[in-house]
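Letters A, B, C, D, E and F mark the chains as written, and numbering starts fresh at 1 in each.
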Amino acid sequence: MEFTNGQRAEILVEALPHIQKYRNKTIVVKYGGNAMINEELKLSVMKDLVLLSLIGIKIVLVHGGGPEINDMLKKIGKQSVFVDGLRVTDKETAETVQMVLAGKVNKNLVGLLQNAGGKAIGLCGIDGKMFEVEPLDERLGFVGKITDVDTSVIDAALDAGYIPVISTVGSDSEGNVYNINADTAAAKIAGALKAESFFSMTDTHGILEDVNDPSTLISKINVSDAPALIKKGIISGGMLPKIDCCTEAIRRGVSKVFIIDGRVPHSLIIEILTDEGLGTMFV
Amino acid sequence: MEFTNGQRAEILVEALPHIQKYRNKTIVVKYGGNAMINEELKLSVMKDLVLLSLIGIKIVLVHGGGPEINDMLKKIGKQSVFVDGLRVTDKETAETVQMVLAGKVNKNLVGLLQNAGGKAIGLCGIDGKMFEVEPLDERLGFVGKITDVDTSVIDAALDAGYIPVISTVGSDSEGNVYNINADTAAAKIAGALKAESFFSMTDTHGILEDVNDPSTLISKINVSDAPALIKKGIISGGMLPKIDCCTEAIRRGVSKVFIIDGRVPHSLIIEILTDEGLGTMFV
Amino acid sequence: MEFTNGQRAEILVEALPHIQKYRNKTIVVKYGGNAMINEELKLSVMKDLVLLSLIGIKIVLVHGGGPEINDMLKKIGKQSVFVDGLRVTDKETAETVQMVLAGKVNKNLVGLLQNAGGKAIGLCGIDGKMFEVEPLDERLGFVGKITDVDTSVIDAALDAGYIPVISTVGSDSEGNVYNINADTAAAKIAGALKAESFFSMTDTHGILEDVNDPSTLISKINVSDAPALIKKGIISGGMLPKIDCCTEAIRRGVSKVFIIDGRVPHSLIIEILTDEGLGTMFV
Amino acid sequence: MEFTNGQRAEILVEALPHIQKYRNKTIVVKYGGNAMINEELKLSVMKDLVLLSLIGIKIVLVHGGGPEINDMLKKIGKQSVFVDGLRVTDKETAETVQMVLAGKVNKNLVGLLQNAGGKAIGLCGIDGKMFEVEPLDERLGFVGKITDVDTSVIDAALDAGYIPVISTVGSDSEGNVYNINADTAAAKIAGALKAESFFSMTDTHGILEDVNDPSTLISKINVSDAPALIKKGIISGGMLPKIDCCTEAIRRGVSKVFIIDGRVPHSLIIEILTDEGLGTMFV
Amino acid sequence: MEFTNGQRAEILVEALPHIQKYRNKTIVVKYGGNAMINEELKLSVMKDLVLLSLIGIKIVLVHGGGPEINDMLKKIGKQSVFVDGLRVTDKETAETVQMVLAGKVNKNLVGLLQNAGGKAIGLCGIDGKMFEVEPLDERLGFVGKITDVDTSVIDAALDAGYIPVISTVGSDSEGNVYNINADTAAAKIAGALKAESFFSMTDTHGILEDVNDPSTLISKINVSDAPALIKKGIISGGMLPKIDCCTEAIRRGVSKVFIIDGRVPHSLIIEILTDEGLGTMFV
Amino acid sequence: MEFTNGQRAEILVEALPHIQKYRNKTIVVKYGGNAMINEELKLSVMKDLVLLSLIGIKIVLVHGGGPEINDMLKKIGKQSVFVDGLRVTDKETAETVQMVLAGKVNKNLVGLLQNAGGKAIGLCGIDGKMFEVEPLDERLGFVGKITDVDTSVIDAALDAGYIPVISTVGSDSEGNVYNINADTAAAKIAGALKAESFFSMTDTHGILEDVNDPSTLISKINVSDAPALIKKGIISGGMLPKIDCCTEAIRRGVSKVFIIDGRVPHSLIIEILTDEGLGTMFV
């Protein structure tokens, strides 16, 4: 469908109150998983982020990269060991994760943001000692838990006008590298930055009453109601840890937390710059 | 017609390269005459300006106010005297002009910009000694000619984040008030600010080859070709002084000068944030 | 009488301790009414203000303009309606007030300050949303009451080295313009700025024990004693609302409030830079 | 051998004039190859850099990582193709280089600097569009040539008090990643920063008259004499491209360029903070 | 004689144009010799300087102290040696000069300025390596000649809001202390600061046509006419070196240089803040 | 003994953790008495201070000058009067102290620091009204007690990059000069600056259990234990007032206070930049 430029202009102007609401605020966007695989969609998300940064929103992009990590582990013929059904991250795996996330996925996102006209800088939890890390569970090896976030290097990047793009690996004082769950890390960063909003872009519709029926989307959840929803089984499986992150971000002072569907084109723009709410908002 | 939010988002993202081009640049917009009478249109222009300022463009609004001045002169029963067919601006008329422009039209525009969510401040050529003025022609009384523009007060307003709204009256060292042609003043201000662009919003389509046929719009004129167009009669009448202002603005270092149709809704947004050029551009 | 330059120098040096006391402090001066009609006196007040600003005092000038408003209303043949003896401000009257105050009186004061060598900028309550206004009394029409003062635009002007000159008109969110009592507005501004002093320049000697005998001037009143003075009839008539403003300014944190006689040449300079106190001080 | 603290203090004080010479100056250190393999030596170099940064020298660290790249290429079973005896960098190889350099070597150096008490940030030529790249030779695939260096992101890091650690990969506007020779890139960065000095840490003694006799070290070479030395065969083999970088750095405004022996413990400290010159200086 | 406060105010206001002319400008005042002996006069000069600094003039005070030095030399029983009729400054004399000037006269002036309400800081040519000194004439011992002035420490003092008070002693790189003629030093400082004006306060009326007749004061001398006046004998004796300083200050970019009579109460204020010129101005 | 440059470099690097601990912290060093007489030692202390300032420590040097004062008093033939065994400081003595301290000792230290490559500025308690003083004991004449320290002028000097060197003389509001005990003044300054450390350089080993046996040095004293040590006679004589200063500095917020032996070469460097503690530390 074609739009006239008059229609285009009208739509731009209608975004005005939304722009005013978010201007000069900081938002943290967790982006990853399958929503990141589709190249066209990825480009579109990058453009969305650049647009949001140009209208004066301070963007912090935290990314995962599971599929690329798995490809690389396969490529080097790495066999994973499991303990109680959980994958163990040995030294070689941790280093591969670091390499793939901080060296490949991260810098590629930086490149895409810049080709879309933004200014970006690629960081990981090691830079400026952003993450203080300890092992999450001794049996799982180099899977880390963030005990403290130092946002100095993020603040410096934002102040200098860059979009910080962050890989969620960190190291301890002995130089051991740890892989850290990207959702958890992003929520901790959002909390440490006292961000206005935290957006978790997933490849789901959000929280559904009936997981098979997108029309049953719950558009707003009060964190105090989360336990009941878990009990009822509405929040379950892979969504459970995401909910934990969302509630923790709220507890640490983030005003609004959203789970949005990264597969919908321009879902961030729709959520932030239109009247429509696409996914589930936590308050 | 209704748009989906997906379409809205897409359109917003397509404005990205245009936003990047104008970000952190200064533009001077001359707004006046009949384009300013329609209240709905006026509100729409104010929203456009606020949007442009929110995406990082430094806006300077220069306004006229002929119709309001005429209404007021009629109200106080002022009869104009003419010399060689030109209206003489006596002391009472000049004071009325000052009062209507700087007290009514100006502050009302400030109020509208602010109700649209902007931050604005109303100034005239007297504030901060912005204009140095001398009589244009002794016979015409208090009609002024700007001999110098001191942009300090405009810069201070822009630096503090306000949209300066400027009435084109000024005073000389004896305190006499002068009415100054708004097009000329706006062009001088644009030149003094080394603005990126100067937009003259008129109630015409722009420069037309055939004045009765809007499809003959000349979308681009090189200032060096202006004399030939005047000779051919394509530029004539009330458009002549506007052309003078445009060519002077270009000469003083403004990169691009536009005559655009203020009657078209969102014409500024269309001109700045879409691929379409509505009026005539001078280079 | 002629002074030698040695005498002049001596007098300048004797002002030293007074200058030190006020340096870098903010003072709000309410100037209006009959004290503003005499042109020579007005020029002299402007010079006083410029001198005070040059020795490092931050001056905020708030003005009224009753006589000019009345002249204009008469000129346009406007008949006032009265309710319970109080003049009703209808839309046309409010717009006339705005035009005369913000367009004529204000910019003329700016021009005079600048011709005296100062740097000034003319503002009203609409600029930078300085005043939040609601109707004072529905029956009186567009007579406003200030519910909040945002001093950002005043601060920006002072920081950039300008003397802000303020007309006391404001607008509500629907764009209706309101006339606001200048004494009340000035006191609110002084309070919001946490000004060092607030000077109300009147055309009286100050508060007199016997209104017919200037020698009975009360030079200092503790605000807690005001009710008694009102009861005794010493403060009455037009002075009553001024007293209200003075006591409110004190309550909002202004250190010293003065009612001084604007008809005495250089009364501000005498009050601020000499040992003499001309009018009545409230503490 | 043990030192008394008195001796320690004396030595510290003797460094004074050297500290004064370099304080607040920028130096670029190229570190790589075999000098980077020995873990103990690497730690020692990191400590040296942190010390230099603490005494007020602005350090920019540019690193290579040939051995780690080769290990990784072997691990994924990548066979190299050669054209005219030169290795071709295909897409997969370029991506592996990016991953190893920017993801592993770079962040590990950042971690080491921080464990030694410094503040560091890991960057590559993609961050902040630091490098503008084009193919060096179409036949070699993704081997890049830097056509322009934008130091903004380096400046921002230095201003915020971080040691920028830079991997020499870059991308073009289509997102293709290129491997860039670290010596060349470091020299270009030094030139673009107008660095005080450029140190190329190698695993050789410097330039020797007789390559087998360390006692024949040439401690100072005037760039204008380089061609003669090349002709005589004194500069040859792998040293030739290094010499090109050194002379280019000098031409681009770097005051002093050094080839120093990275295998000597604390060679940077010796070169900068003592009277001794370890390697070859170009002027 | 008594003044009314109205007269006082009038006189203050008449100083307005003079204040405007000097505001934010730097003036260097050389104060010394007999004009400094009278305690009452000294206090009065200090008040004048504080007043000038409070109205926004940047004051640099350079002082001599011949009489105090002579007193001290006498007290310690020091006999002077003469070479060709010129007094030789041996090490002990130089140290006594340093002690008396920088320790006594200087800090006492600082104390007086502060008791008059100013903020002052006492410096000498050694502080911040303000003076680079070499012997003026080997035969005269430690009499110095300034070869360069580094104004950093003066600028730092002015920027922090202090009146720098400067003793004209300096030291060479071996730590030898030199006495430097205060007039010469003050003129050099004025030149290095590109001061607006340089005032040399003496105990004479200025340059007189007839040295015995104060009514023959030459109020303005063009430096190009100085040689002729010297030839005619009008400028002679102790005035000769002062003239040299004045002409050098003019040559180094000081706009106006004055020789004024320090014995006249408030002579600086009269010269700067009234229409009267007391002494001789060089242009 | 000769060191290789490799050894030198190693020692420099070993200072790293110490540098990190003190960087950007303020330390106050009291230097005086006999430790200041030996010229070679004095030069060495100055170099130490410059080194410490170059590695980013903010140094404030407070000095005494007893021996020079005594020399001068003897030179002018001044006989001291005693009251109850305490020397009376009459006006002439106080002025001599001021002259010798602020004019000679102070500026000479400034000169030495600068010849060692530092940037220094000489101040006394009169500059910027640093000290508010009252008589310590009426019978002792002009011996002062500091009732308040205004650190503005010290802060300004440190901010501008200078080492402030301070003589402990001050004046009261009548201009009387007072001599102030340097230890007490230094401790007050350290407290007012909330310094990290206060170093009192003496010509003793520190506090000894047995005053005749240096091996009985008490390396650490908790201020709460001081009374017991005084009772036991371990702290006695001239050490008593020093202890008072140390405990007061601790009470006023200085973290660590040291009495160190100024006769040991580089004792400050040893104390600050090595693992060794030379003297006695109070906590």
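Convention: a contact is a pair of C-beta atoms (placed from the backbone, for glycine too) under 8 Å apart; a residue touches a chain by one contact, two chains touch by 3 or more.
These numbers were taken from a predicted model, which means no experiment stands behind them.
Shared contact partners of subunit A and subunit D are absent; no chain touches both.
Each step here moves to a touching chain, and the least such steps from subunit C to subunit E number 1. Taking the mean of C-alpha positions as each chain's centre, the chain lying farthest from the centre of subunit F is B.
Among the other chains, the CA centroid farthest from that of subunit C is the one of D. For the pair subunit D and subunit F, the CA-based superposition corresponds to a rotation of 180 degrees in steps of 5. Distance from the subunit C centre to the subunit D centre is 68 Å, each centre being the mean of its Cα atoms. Annotation: 56 Å between the Cα-based centres of subunit C and subunit F. None of the residues of subunit E touches two or more other chains.
Taken chain by chain, the contacts form a single closed ring in which each chain touches exactly two others. With the ring opened at subunit C and read toward subunit E, the chains come in the order C, E, F, D, A, B. For subunit A in complex with subunit D, the residues that touch the partner chain are 72, 75-76, 95, 98-104, 106-108, 110-112, 114-115, 119-124, 126-129, 152-153, 156-157, 159-160, 162, 169, 171, 173-175, 177.
Listing the residues of subunit C that touch subunit E in their complex gives 1, 3, 5-17, 19-20, 23, 44, 47-48, 50-51, 54-56, 116-117, 264-266, 269-270, 273-276.
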